[in-house]
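Multiple structures follow.
Common to both upcoming complexes is chain A, partnered first by chain B, then by chain C.
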Partner chain A sequence: MTTAALVRDLGVALAPDRVRAGALELALYERDASMLTGQASVVCFPTSAGEVSAAVRVCRDHGRPFVPRGSGTGLAGGATPLGQVAPVVIVTTKMNKILEVDSEQRFAWVEPGVLNLDLSTAVAHLGLHFAPDPSSQQSCSVGGNVANNSGGPHCLLYGVTSAHVLAMEVVLADGSVVVLGGIDPEPEGLDLRGAFVGSEGTMGIATRIAVRLTPLPPCVATLLADFSTIHDAAAAVTGVIAAGIIPAALEMMDATIVEVVEAYVHAGFPTDAAAVLLVEVDGLRGGVDVCTSDVEAILKAHGAREVRVAADAAERAAWWKGRKSAFGAIARIAPSYYLHDCVIPRTRLVDVLDEVGRIASSRDLVLGNVFHAGDGNLHPLIVFDRRAPGVLEKVHEAGRKIIETCVAAGGSLSGEHGIGIEKREAMDLVFTEVDLEAQKWLRDAFDPEGRCNPEKILPRGGSRCGDISSLPPGAWV
Partner chain B sequence: MTLRLDPDELAACVSCGLCLPHCPTYRATGEEMLSPRGRIAAMRAVDAGAGIDDAFDRMMQTCVQCRACETACPSAVPFGRLMERTRQELAPRSVPAWQRLGYKALGSHRSLVGLTVLGGAAQRAGLVPHALARRLALPKLPMRQARLVPTGVDVWLFTGCVMDAWQRRVHESSIEVLDALRVGVALPGPGAACCGALHVHAGLHDEAVRLAGRTMGAFPGTAPILVDSAGCGAALKDYGHLLGRAGAAAFSARVFDIHEWIASRADQLPPAIDGAPRRRIAIQDPCHLRHVQRADSHVRTVLRPYGELVELADEGRCCGAGGAYSVLQPELAGLIRTQKVAAISAVEADVVASANPGCSMWLGAAGVPIRHPMEIVADAAGLHRRRWRPGRDRKMSRWLASSGKFGSGWKR
Partner chain C sequence: MKDALRSFADQIGSEGPVAVAGGKTHWGVGGWPATGTKEVAAPVGVVAHEPAEMIVRVGAGTTLEELRSTVEEGGQFVALEADDPSKATVGGVLAVGLGGYRRLGWGPVRDSVLEMTSVTAGGEVLRSGAPLVKNVTGYDLCRLFVGSLGTLALTGEVVLRCRPIPEAETWWVGEGADPFAVAAGLYRPLSVLWNGIHTWVGLAGYRVDIEDQARTVLGRAFRPAERPPPLPGRLRRSLTPRDLRALPSTAGVDRPWLAQVGVGVVHCGEAAAERIGPVGPPSSGVWDLHRALKERFDPAGRLNPGRSVSGVAAGAGV
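After this line comes the complex of A and B, so read on.
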């Protein structure tokens, strides 16, 4: 059937003005924040679960695949439309209401398009927040967090998204609506909620989500330590955890990152340091005081030149703003970058960081490190200008070497950004054929016809990294 | 046709989306077409040869030019410049004759005052259709206003167009507050009738340059130029860039938002009158104060002695006024305003402070109790008592002019 018929039927299912097929508009939905591009046939904006279900049925009747999309801040091409025929992009941004807040049982039902930070802001007066705090939290949607099982600096203590999702209503690929999980702590049967969280939009579209709300800590202390070698900083991270302290957050930034971030936020980061650690401890006043002095002593014992404690909420906010803007601020060096998201055992931090640094410097590439040090979730960023001749091949090769190094150290491909398109061809580095087959069965059980976000996560065979050879200017892979 | 934008400036956008929640049109709709990231991607497409069509034009015309995306952007994309250039390229196809006439009228103080009197009479006679009145968000237009009286030569006060024609009481308050600081205020001649900000936004570059030249001529000497309208202040501070001349840059360096200038002398502000109730003052940050002049903290410094300051939970998002935006894009502007009004209602303030005439008219038309910070200060410190009666001040100004006496002599 033609696209015109598809547009007409979707217009009947939703409303004509919320179904778009203009060339310019489609182009804006051909990728997410990753710049891995695809092609959409139609973009539509449902406002209710009923409309999502109706749109999915229209897709089924027309034999079209569809791609769920939240805010499009994904970094792995998860919301990039791919398929044998160009898919319909179903955008959740107009489904952005907080439906119910239960401050006693501490949960909320929200629509998928609610922004992560908006949710926390809306419940702050109740002394609560939504704990997963990706650096993109001001922009990303709760639906996207669920689909990518997103993490954030404070997930070291509080756990990633899956620990904060109780239940969700999902529209499956045939348009039927089911509820997975429940408000009860231990619902009966298989943990389908657990299977859905992290499925990157390949098992259906979440249309309502019950999230756990976490009390705001009564007391918080944030420490900023600067080191003259990355080595010392990495050793300090291991030292803190080895002492049995789990801070709320434990983040590292190297000199390259500190420089660009400071240029953006002017938060007083030491730009002459080789590495900076940002450590946050929270809890009851007494505990926080003890932890703060313990952490400070450990950092100093590992060679910290200076350890500062944030004087007030404003200083703390400025430090976090700096940390959380790092991915965007990097464009001040060069307009493109290639980012990895490997997780390695914390004990291997020092040698893996060394090796990653060597991989970049031996190819004359600029590399920055900004990452969740506490749980070994690296984010090595190669910064480059794609207009320079031959640079793409070098970047590509370095990327592959970085993944191989991390996997060889006992690590995994993705800590939180997801596999999407970008890392699907590297899946066989960590999973056996049997593992991959099992994953395919699970997916088929939810979506037997393969119409829900096709060509994501599971490898098709071919090159290892996302194809970065044909990107437009400003590419950010 | 291309937009001839700087490729490096365009390439600086890495599509991270961190600007999305700060953009009023994205917030109102959730659509990439109405987001900074989408607008930049579209500009890039046009410069790569995609051609300009109506969809592109609409994407650009729906931008409020609030520049919140610029503050939010970690990679320093100069969005304001990109959009101004784009509008300039689009102006021949996008700004119809009736709009050009309107922009012309702004540039001429006499036609604006004439229209104001006509409009005011029509309002009073009930001749302005309801729909039109709503769309224009007009306050009750003054038929006759007290003439402003200069008080000295320490600083200039920029008077401007709409502000002077419709909200002269704000200028009066500014003069009163400066007077309490023992700062004499000089007033410019008719050359300062319009800063050209709206012309820049509409892409009417040549007209903007002409008005900028005329405005500069109205402020001879080296005295600082204080501005009590956030949008005008941002425009005057940009003359250096607009005209690209050293003289213009030197002029821009003399320009201060009035709160910015007073903030460094805040310890000399007069105290609030004894026994006056401490009011809850919600701060509405005009975009061109917060995102362009980055002078939002100074408003707080100046107001702090006079009430309990309350912050809105929307991180200073735009109200939708946007110069001529509320007239040209009434539907989107209305959606944006609804969100702003909700944020304002949530904090239960006694009064809302806004340092921009456009915002205060637009929000005032939705029933928000809104005043300029200078009015709030003048009220709270009881400075209005010193005001001259309209009938007398003409005589007084003549006397001032003839006696060459400025400053403290005129009050009380």
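After this line comes the complex of A and C, so read on.
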């Protein structure tokens, strides 16, 4: 069937003005925040679960795959449309209502397009928040957080998205609707909720999500420590964890990042430091005081030149703004960036950071590090001008080397951004064929025909025999 | 441990009904294994505790008691509970997947699991997750396996998250307090238990904070308790936290129950269980997904035949 017929049927299922197939719209939705480009056939904007289900059924009738999409801030190509035939992109941005807030039971039912920060802002007056706080929280959707099992600085203590999702309503690839999980603690059956979280839009579209709301801590202390070497800073991170302290957040920024951030938002970071650690402890007054002085002592023992404690909420906010603006700020160096996301054992921080630095410098690439040091989640950030001849190849080569280095250190491919298209061919580095086959069983049980966000996560499109179509430009395989 | 896993896989093989026997403390949950089912044992022993990484690699046949004593040496603990830790094994606790009294503070069992090495129905060794505290690489099969009663794969070795042992853990008991108000007033309590008359509160963390909470929130209505109360029975019900308010107030001797306030789990015996309805069962679409999973993970139905995750709520065979 033709695309015109598809557009017509989707227009009947939704409304004609919420079904778009113009060149401009298709171009806007051909990729997410990664550099991986695909091709959409139609973009549509449902406003309810019923419309999502109807759209999915139209896709099925037309033999079209579909791709769920939230805000498109994903960095692994998860929302980039790929398929043997160009998929329909189903965007949740018009499903952005907070449906119910239950402050007694501390949860909220939300539509998937609700923005992460909007949710926390909306429940702040109740003394509650949605704990996962990705740096992109002003723009990413709760549906995207669920699909990517997203993290953020404060997930060190509070846990990543999976620990904050109680239940969700999902439209499956055949258009049927199921509720996974529940508000009660031990819903009958397998933990399909847990299996769905992190499935990167390949097991259905979440149309309603029950998220746990967490009390805001009564007391918070934020420490800023600066170091003259990255080594000392990394050793200090290990020192804090080894002392049995799990701060609410433990973030590192190196000199490259500190310099641009400071110039951009004037957060008050010391620009002559080789590395800065941002440590936050929270809880009740007494424990926060004990913990603050313990952390301060450990940081100093590991060579911190200075440790400052945020004087007030304004200073704390300025520091966090600095941390979370890093990706915007680096545009001051060059127009493009490639943000990596790997995890390593925390005790390997020092040597892996060294090696990552060498990988970039030996290729004349500018690289900064701004990352969740407390849980070993690296974010090497390569900054470049893609117009310079040959630079893209170098960037991709460096990326591949960084991943190999992390895996060799006992790490894994992704701590929070997911596999998407970006890293699917690297899955073989960490999993055997048996492991991957079992992952495919899960995926297939939810979507036997492979129509929901095809060609993601599993290498070779999820087939052992390699009948994979093309890879989009930008995939570093 | 490689050898132990290999021999575990060899024992399981690729044909015939098979189940892993742990401490058999919850052997009947979800139904008894069909007669003729071969019983195998999972590898035993702590392989490595890495305090600086806050992880421990352990054979699934290891008892919780052995795990606790090893990890404690590094000043840490694993957030798993069982009524009989000297018998219950790590693999058994994960297969059943139901937490104990401290779930309010510790979170569910599955959040402690970082990596699982299992054997598939085809007899092949399958690894999911990674020995890292943060990881979103690939599909989360660990979450699927925890609570699956060994019906999808049989687990031989796991990597678990460790946590620092808090400065103190103390318990309190009081009579006549509103347990819901107490739970709402406390900051991140470890546990609030209620039997209709008494409320027990567990607090963990820095001593100063515990004393502060005890003074300002618990007040005179509470006195220190040695430990939490014993289980009133071996059954459990899963209610929404709010529905606990409507529990039949027959706390007396005949039909005792004990509710985890803020969580929704109710521990009880058969008499009380009859009067505490479970939340409605999942829809048929959800059971279709269960069937689709079983068909793929265990097409011949050889893993734990006779057991089913849908039998748990009914209390089959507990």
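Everything below uses one rule, namely that the second predicted complex is superposed on the first by the 460 of 477 C-alpha atoms of A that agree within 3 Å, B and C clash if a C-alpha of one lies under 4 Å from a C-alpha of the other, contacts with A are read in each partner's own complex, and residues count from 1 in each chain.
By our rule, contacts are C-beta pairs under 8 Å (C-beta built on N, C-alpha and C of every residue); 3 or more make two chains touch, one makes a residue touch a chain.
No experiment lies behind these values; they were computed from the predicted model shown.
Asks: Does the superposition put A:G63 against chain B (first), chain C (second), both, or neither?
Replies: neither
Asks: Of the two partners chain B and chain C, which one touches more residues belonging to chain A?
Replies: C
Asks: Which partner does A:G287 contact after superposing on A: first (chain B), second (chain C), both, neither?
Replies: second
Asks: Kindly classify A:D191 by the partners it touches after superposition: chain B alone (first), chain C alone (second), both, or neither?
Replies: Second partner only.
Asks: Determine, under the contact definition given at the top, whether A:P16 touches first (chain B), second (chain C), both, or neither.
Replies: After superposition on chain A, A:P16 lies in contact with neither partner.
Asks: Report for A:Y337: first if it touches chain B alone, second if chain C alone, otherwise both or neither.
Replies: Touch status of A:Y337: first partner only.
Asks: With both complexes overlaid on chain A, does A:G411 touch chain B (first), chain C (second), both or neither?
Replies: A:G411 contacts chain C only, not chain B.
Asks: Let me test your reading of the model: by the given contact rule, A:G268 touches which partner, first (chain B), second (chain C), both or neither?
Replies: neither
Asks: Over in the complex, which chain A residues touch chain B? Could you list them?
Replies: Answer in residue numbers: 22, 24-25, 27-29, 31, 33, 35, 45, 71-73, 91, 93-94, 96, 113, 115, 117-118, 121, 136, 138-140, 261, 264, 325-332, 335-337, 472-474, 476.
Asks: Using the touch definition from the top, list the residues of chain C that touch chain A in their complex.
Replies: 50-54, 75-76, 97-98, 103, 107-108, 110-111, 120, 124-128, 130-141, 143-144, 146-148, 152-153, 163-165, 180, 184, 187-188, 205-206, 208-209, 212-213, 236, 238-243, 260, 263-265, 278-279, 281-283, 285-287, 289-290, 292-293, 295-297, 309-310, 312-313
Asks: So in the complex, the part of chain A that touches chain C is made up of which residues?
Replies: Listed in rising order, the residues of chain A that touch chain C are 102, 104-105, 148-149, 151, 155, 159-160, 162-163, 172, 176-180, 182-192, 194-195, 197-199, 215, 217-218, 238, 241-242, 244-246, 283-287, 289-291, 343-347, 372, 375-377, 410-419, 423, 427, 430-432, 434-436, 438-439, 441-446, 448, 457-458.
Asks: Can you check the complex and tell me which residues of chain B touch chain A?
Replies: Touch list, chain B to chain A: 7-8, 10-21, 29-33, 38, 41-42, 44-45, 48, 50, 53, 55-56, 59, 73-76, 313.
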